[in-house]
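The first chain written gets the first letter, and so on, giving A, B and C; residue counts start at 1 in each chain.
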């Protein structure tokens, strides 16, 4: 069963079958990255371009490794260090990249919707690696892969997402994906950081951490964007962490075998207490490992039959 | 017939046979980049170093892809982000790179003549990727390749080059190349941006766009360097574009089947009217595609018999 | 005889047998880099990450080429241009890299000891590419390789190291290595730049260049860190060079066949007179060539049997 898509722009447009296919494929690729020789010829002779308008070591590196381990040629374009900045439009830049015969363009951009502009205008496959406050689909896919790996299923689970829900593309993609897969999602945070009418997405809202994570199988802690200066949605980082930092004690309110996730990088002591960093409940590094496998799966599936043939 | 050169420094030193050889070779490599698996072993085990003293996404990416598709190992060195800046001379830097056994060094530098210093001091092949206001030979080669592809020949054509002729290495390289290949070249721009005695290079000079492009088979629009602050050669960008922006209406003064070219990135509305961006006369993206093929051809030919043997 | 080490953190912990093994292995890899096709499959399917917290074109490029010529997948992470800077700890960053299944992490850091933190916390092999004022083991190994290549041995030689001994990780690593290998080491510089009680490391101290290099087989000139502003250990760069710049005339005080080395980049006229740049005594570029071979040898030996098998 193929994915039958040119692009991966959002979780919202995927069916539960699509999500299942991507996770199943990622399981195979995880086996590849566990081998002594982590290299397959799947994308040999293909060109993958990482077009990053926001800096990101982790996500760029994860896509770069995923592509290289499938033998693709990879080009990194970081916009702040390049001439793309000289008044050139996004689509112009992308068309020029495609004219060099790119096969896959991975884009991260601070503007929601930027990847759609590329997808519409280009024949290359476009993968959204995070667009503004909109979506970050591969993050949600690796999160769902990790949950399924640890819990054996997604259907029927209770997943709590904690933090700045309003500005989090990770939260948004996970809400779409997890509800599609039959999980119950609860969002938890200060009222100023919960979007109005978020219940319409099928989630419960809590403002108190202990109450919110009750009976949760999975707790996803979101990153507090300490570096976004000039924007203050909560009065004080210390006050935030007093109420919402996940500690061992607070985690007892969740199910006994609950797992703790975070898209990284963690501000230890702000979102999660350092005492949990080595705890068996914490699966943050496994998310990172699974991220490479999920990105390999997505690139493979978008490449379709051509990749399969090689 | 081999190229019999160690370096590609300028169009001026090439014979018309050399130019023909490079374009003919690029035709073959363009076929390679059109394949499903865009990879040949031509430069396997060779080391190509992109040494860029001026930022450039497009040109660097084009050379990087050209080298990777021929299976070379590629190293990017951007000088602003590196320690090369610490008072080290250009030749010292390059000798150190060569000591790591580089085969080809691609250099872009703001100083005219910089590539010659490397070529004289090094055994590696040196490719000029733009030196100050002097030459940008691979740009002219990809332009001539594109013209020949569209028009079937270069000999006997009329090519108009419009804009800041004085500071354009693209203009200079194209003037040398096109006149060698038997084309008639006309340069068009405000008097302040046309070099004194440019007629000595065998070109006609026009200050009026409509008059200048009369009977042109090809119109090459040069980029206005909006980002070079502190240097003002024309009073006002709006006034410039009123006189020299190519519109559909103005293009009617050229031949009916004239093609429009630009080295990119275009300032739409300044050099070329947006209405032309999707017009069939505009071949800017094909220039980009041909750029990779031309750079593959140049690297292949400079590598000589050794590459042929592999 | 295997190296039986996971990491290369310092010369101090190596035995003379270890050093001999690395140099012997580098001799083989130097032969590889001299071939027409400079590529072996030794590290195919392995992932090497260059994690540079200090900018360095030369060292990063040398490691990158070494890894690529052994067919590894290479990822470059320069911290100033990345999100690693956002309050994430070193070990967190490295654990995330390892979670992507890195095999070798090459780290340069301004803090002495940083590579040890990684080595203790990670399963990946860690290579110290320079940590603060502590050690730079691959530099000392390439220096010893170059000396042995030129002089046929290390044992019994007299090596003079000239400059800022106090802040030089190159000096420290060379002192440890050369004394282990049976060479006599003399350090020479202004009193303010010679560490107290450096004699305990088994070296002689001199403040006068001509006296210090007497009978030296090898003279290693250290780089003056012109770019470290705000720290002044000598009154004036001109006064420094008047006393310590190596000239042809001063070199006559060393043995007739003495060789001159420098870790690069040289400030010509400050540490070494330009008249020596083309002199046959100067082997600086051969150090650079040998650097790639030494780094290939280190990566190969740390990879152990797995690499041997492939």
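Observations, loosely collected:
Definition applied: a contact is a pair of C-beta atoms (placed from the backbone, for glycine too) under 8 Å apart; a residue touches a chain by one contact, two chains touch by 3 or more.
Please read these numbers as outputs of a predicted model, since none were measured by experiment.
Bringing chain A onto chain C by least-squares fit of CA atoms involves turning it by 120°, to the nearest 5.
Mostly differing positions are employed by chain A and chain B in their mutual contact, as under half of the interface residue numbers are shared between these two copies. Once the centre of each chain is set as its mean CA position, chain A and chain B turn out to be 40 Å apart. Chain B has residues 81 in contact with two or more other chains.
Within the complex, the chain C residues that touch chain A are 44-47, 73, 75, 77, 81-84, 86-89, 92-93, 95-101, 306, 310.
Those residues of chain C lying in contact with chain B across their complex are 33-39, 55-58, 61-62, 64-65, 68-69, 78, 80-81, 226-227, 264-268, 285-286, 288-289, 291-292.
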